[in-house]
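Common to both upcoming complexes is chain A, partnered first by chain B, then by chain C.
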Partner chain A sequence: MSDTAATLTQDRQKLEMAALSAPAVIFTVAMIAFPVVYTIWLGFQHFSSTGKQSFAGLANYSKLISDYEFWHGLWVTIALYVLSLVLQLVFGVWLALVLFHAKRLPGIVRSLFISPFMMPPVVAGMMWLVILDPSLGAANYILQSFGLPPSDWLASPSLVIPTVALIDSWQWTPYVALIVLGGLQSLPPSVYEAAQIDGASPFRTFQRITLPLLLPTIVTAAILRSVDLLRFFDIIYITTQGGPGNASNTLNIYGFRVGFEFFNIGYASALMLTLTAIVFGAVLAFNRLRGAVAW
Partner chain B sequence: MKARMLATRLALPVFVIAAACAQAHAADFDWMKFKGKTVTFLANNNPVAQALLTYKADFEKLTGMTLKVDGYQEQQMRQRLVTVMNANSDEVDVFMTLPSREGEQFAAAGWYADLTAMAKNEVAKEYDPAGLSQALLKAATFSGKLTSMPMNIEGPIFYYRTDIFKKCGLAAPKTIKDVEVAAEKIKACDSAVTPFVSRGLKPAVAYTFSNMLHNIGGSYIASGKSNLCSTKGKEALDTYSRLLRDFGPPGVVNYSFQQISALYRSGRAAMAFESSNELRTVMEGGARLKDTGLLPFPAGEAGHVPTTIGWGIAVSSHSKQPEAAWYFVQWATSPEVQKKMALQGIAPPRPSVAKDPEYRKWIDEEPVRKEWQAALDVLATKGSSEVGYPIVANPQSREFIGQAVQDLILKQKTVDQACADADKALDALIALN
Partner chain C sequence: MTDAATTDHWIRRLNLVQLVLAGVLIMAPTVWMVLSSFKPSFEVTAYPPTLIFTPTLDNYVELTKTTPFLSYALNSLIVTVGSTALGLLFGIPAAFAVSWTRISWPAILTLAARMAPGTLFLLPWYVMFRQVGMIGSYTALILSHAVITLPIVIWVLLPSFDGIPRSVFEAAQVDGCSVTRILWRIALPLVASGVAVSAILAFVFSWNYFLFALVLSNGDTKTLIAAAFNFIGEGSTQWGALMAAATLIALPPLVLAALVQRWLVSGLTLGAVKG
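On to the complex of A and B.
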């Protein structure tokens, strides 16, 4: 076959491939692009409480600056995010190590430990709502049977964020552990053999070898959890609806209420786009960190 | 403007009655007129809709239409409705609505079809629109337009444990002061039970608090301004929050109907102020059947002004087949269907159904049902449908009422501070009206 004929065949193949994949690409782009573009457009609209719509320019965004609930929601979102992420990464790594070294019935142990994140968040929220009920729940019963004072848990403005963070960590720490476990299993055995020959203690081995080598995996887990945690919604909606008062009113909950309970879709869109920008910012920051810790 | 609105709201039920008496077209009415059509019903998956949909097949057989049910929990139903309505979509023909909550807002947004003409011209002989609760019809009438037909009648009522009251030497409370005295005595007499429980969850507070405010003689708005800092308003805020703070369960700020019913049903509350709809849930298992007394919420300085609301069933203004949709609305609110629903514990919005011998027999089976019906009769005759501020942004107004009550329960503000902050925020909402 001549060069020209070969080139023509290649070009035709490329064209065919492009034609075959085009519907899927167009569909995917449309499904992602349309809601985003529509939300951006909504963010520039003003919806009166009677549903009348008008162009608002940047008014929805300038309103954010003076909106106490927005800044409070941002603070709650970040506090919940940082607390939950730290808990899930610390305990996720610990759980991964436990699972990695589990000698007896490893399959059963792993299935048991990772089962919480298979539970729908709404079910998890309902379950913890019952357990943490200050009057009827098991949590206070256990505390009191050990002579400890009962707690208001989700009903206390000062405890609600740590409590929600604990619920989310109960559910998602096994997910982090599963990712870290994958990382642990891929670590080269040669470095551990060398450390053993040098007489390194288990703690020293963890500190100087395991943790640095696991960092890219941990950062990946952090990215995945960040996306979810910054959009925290379901468990809060089920357990507190943003209360008591507005103590657990995250940006996502606030946006939902503004949009679907107070029917101000324009301002809710501006809130949600701001939250999306924060999520993107966090992901980008972690991506840079992942580049820095790669080995 | 307000006077005109009031006049039209008062005039409409009269008009409906007159129209019903005329029923010029009743003789020509044909249930099969829209045979073959499909009506989509956006339903709240609550006991009212559940009871109604038990008879879905009857509607389809009667009309030859297909009823497509799109059922969600209350919040999700509204979420779906907002999406559909904002898109001017005809996906939903009929939807459930709470006129006391979103009526002003949905009416102002033009989401309700005007049922006035259909209720006049397209009614079956047996429909009897005049037999529906006039108070509820009035509550569903905005700017002279009838926006929904009542499906049930409900409101918060007072549940109390007769055995605990007897043990502590107490009589059934007649006034709000009696409730406070009873709570104090029960706290000393039986430390194992929570003396009093009602709603503390922020968005849910207005439902029960409104009854307290109105019984005390307070009002939400006076001279176009929020009135929570009036003497009566402050008294209502103080009394309601004090009862929950000093005599309520721990964590009451997260309590809505689910938690209240569970606490009372388990025997761990002596008094509960909760919806009449919760009777069935509270009586599940039968443990509270013989030791519960029911009353309208005890009187305040203004006597009994109970909160009376009802779910309504409305036709979407975007529906392309409003007349077929109306046939479903009419069937769902007909005396026959409402009687069947009443026998499942859904309080009927028709006095005629409440007097029906079969329904009376069901009521007479248990003393607690008799007390329930007696309380509902008071709700039907003396009730106010004002839950939160009577403004377009009613749902948002409930947030600020709830916030004020929670601030007091959690001792984060004084009564003066809480009412002043609420009034400031609510004045801004009223100004948008």
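On to the complex of A and C.
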């Protein structure tokens, strides 16, 4: 008798729990799952210049393979990704160590350190556009006062990728640093004491003890940054729109322009699905790496 | 002993130098932006750049006169507050249910939006919203931005709900409380600070979001971020007004972030790191 009552309460509870999750699940299915399925379908459609839609089979995907702009965009995406990720991880770990050793940091300092990545990326782009202006910008003035030649920064086809990587790294290195700092603070102090007794130098302690123990945290930071970096959009769209020429035309920028400037929705869908597959692939690869370096 | 003490002293000094260097690199661009926004127009583009000048509000006045800055700001506020409210409304019960039942797929499902490029959703949304004539509506903008706020609310609140001892709920259950009642009357007051942090983070990231409003808004509903192009202008050097716009757009998220900086780390990593 009481058993049935217990089952009844349990069933009721399950139902209530499902009801609590339902709005979020229904919203996500309506706004994400269904649209993604729809995108897959759109990827098989051809949109004519008059907006007429017809079934195209795999035409969009075969176009993608022979499209020079796609391969160029993939190259730009990967170059920008690798450069930015390396910069942000290296300087992020450095900044985390500096912050870790500066005990009793006042809250205002922490606020200043998080300010770059709380700022809209679009604003960061506007700001750096002015600072990096080739003729009147403050950056070139600083270069020249050190006797260095001025640079064209965002206006130079060969420098635009490193420059965008620099802007993004200015914005997100403190974020990586805060994640790594969290990892540093959770390391057991006993391992350092042992190293100190053995008389290990600070550099050796870092190389042999801190870095290996931090690796899982660093990989986590790498995953979180990879997801954003592979779909790089805001800063490029506001500063160069993929230019000069097509020098900073990442896949996300290219897909957006194909879709909303040329209104070739079908081909844009094929491009975006390919980019999504790349992002998920990177996340899965890093997840395996995280498993390998866990302790 | 004295040797070790001297080394220690030098290491601490070296660290301070590095801390200051990092601080300057991080702060200088923002300081330059704010300074430029208060410069008289002839000084903004002065070369060599000037650091000493008589501050003026001209750029801010010019901005409100030559662009519909205030109505863009109002649009941003409507979309951001709307999407944050929607995120909280759907996210709070979902986070509670996930924490209680340990069935995590609803939370993981919402994360998909955090991983896929926004254009992937924007293409079908554009086709769908156009068919029902919703392009340019606040509804379309609020719904699209809720895709950003919902996972933030859920993942920030999950650890907070997890932190409540089970016995609290079990006692309430014995007293015959329904699950929904437990959530609103018992659990929610206990995680109030988590709700505040999640609301602020959701607000910041919705305010900062660029891509969706770029396509889904029209002249009347354009948000500040999507209107950024209007301030840059075609080959103009109205840098003063541009920097004034940039400063004003960045102000709300920066002020809010400073308020909750202590709790931000775990929230920003969507639970990947306990801050």
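Following the convention adopted for this analysis, the second predicted complex is superposed on the first by the 279 of 295 C-alpha atoms of A that agree within 3 Å, B and C clash if a C-alpha of one lies under 4 Å from a C-alpha of the other, contacts with A are read in each partner's own complex, and residues count from 1 in each chain.
Rule of thumb we're sticking to: a residue touches a chain if its C-beta (ideal position, glycine included) is under 8 Å from a C-beta of that chain, and two chains touch if they have at least 3 such contacts.
None of these values were measured; they are calculated from a predicted model.
Participant: After the overlay on chain A, what do you see for chain B versus chain C, clash or fit?
Facilitator: Superposition result for chain B and chain C: clash.
Participant: Looking at the overlay, does A:260 come into contact with chain B only (first), chain C only (second), both, or neither?
Facilitator: both
Participant: Is A:135 contacted by the first partner chain B, the second partner chain C, both or neither?
Facilitator: In the superposition, A:135 touches chain B and chain C alike.
Participant: Just chain B (first), just chain C (second), both, or neither: which does A:7 touch?
Facilitator: After superposing on A, A:7 lies clear of both chain B and chain C.
Participant: Quick one: classify A:54 as touching chain B (first), chain C (second), both or neither.
Facilitator: neither
Participant: For A:202, is the partner it touches chain B (first), chain C (second), both, or none of the two (neither)?
Facilitator: The answer is second: A:202 touches chain C but not chain B.
Participant: Which partner does A:183 contact after superposing on A: first (chain B), second (chain C), both, neither?
Facilitator: In the superposition, A:183 touches chain C alone.
Participant: Kindly classify A:62 by the partners it touches after superposition: chain B alone (first), chain C alone (second), both, or neither?
Facilitator: neither
Participant: Going by the contact rule set out at the top, does A:99 touch chain B (first), chain C (second), both, or neither?
Facilitator: second
Participant: With both structures placed on chain A, which of the two partners, chain B or chain C, ends up touching more residues of chain A?
Facilitator: C
Participant: Out of 257-265, 383-391, 401-409 or 419-427, where does chain B run into chain C after the fit?
Facilitator: 257-265
Participant: Can you pull the chain A residues that chain B and chain C both touch?
Facilitator: Comparing the two interfaces on chain A, one with chain B and one with chain C, the shared residues are 135-136, 259-260, 265.
Participant: Could you please specify the touching residues of chain A with respect to chain B in the complex?
Facilitator: Of all residues in chain A, those touching chain B are 47-52, 133-136, 150, 152-157, 239-246, 259-263, 265.
Participant: Under the touch definition given earlier, write down the residues of chain C that touch chain A in their complex.
Facilitator: Touch list, chain C to chain A: 11-12, 15-16, 18-19, 22-23, 25-27, 29-30, 32-33, 36, 45, 47-49, 89-91, 93-94, 96-98, 100-101, 103, 106, 109-110, 112-128, 143-144, 146-147, 150, 154, 178-180, 183, 204, 207-208, 210-211, 214-215, 225, 228-229, 231-232, 237, 239, 242-243, 245-246, 249-250, 253-254, 256-258, 261-262, 264-266, 268-270, 272-275.
Participant: Once bound in the complex, which stretches of chain A touch chain C?
Facilitator: Within the complex, chain A contacts chain C at residues 13-14, 16-21, 23-25, 27-29, 31-36, 38-39, 42, 94-95, 98-99, 101-102, 107-116, 118-123, 125-131, 135-136, 138, 141, 170, 174-175, 178-179, 181-183, 186, 202, 217, 220, 223-224, 227, 230-231, 233-234, 237-238, 252, 255-256, 259-260, 265, 268-269, 272-273, 275-276, 279-280, 283.
Participant: Name, in rising order, each residue of chain B that touches chain A in their complex.
Facilitator: Residues 75, 78-79, 82, 85-86, 105, 108-111, 194, 201-203, 249-254, 259, 262-263, 266, 268, 392-393, 395-396, 403, 406-407, 410, 412, 432.
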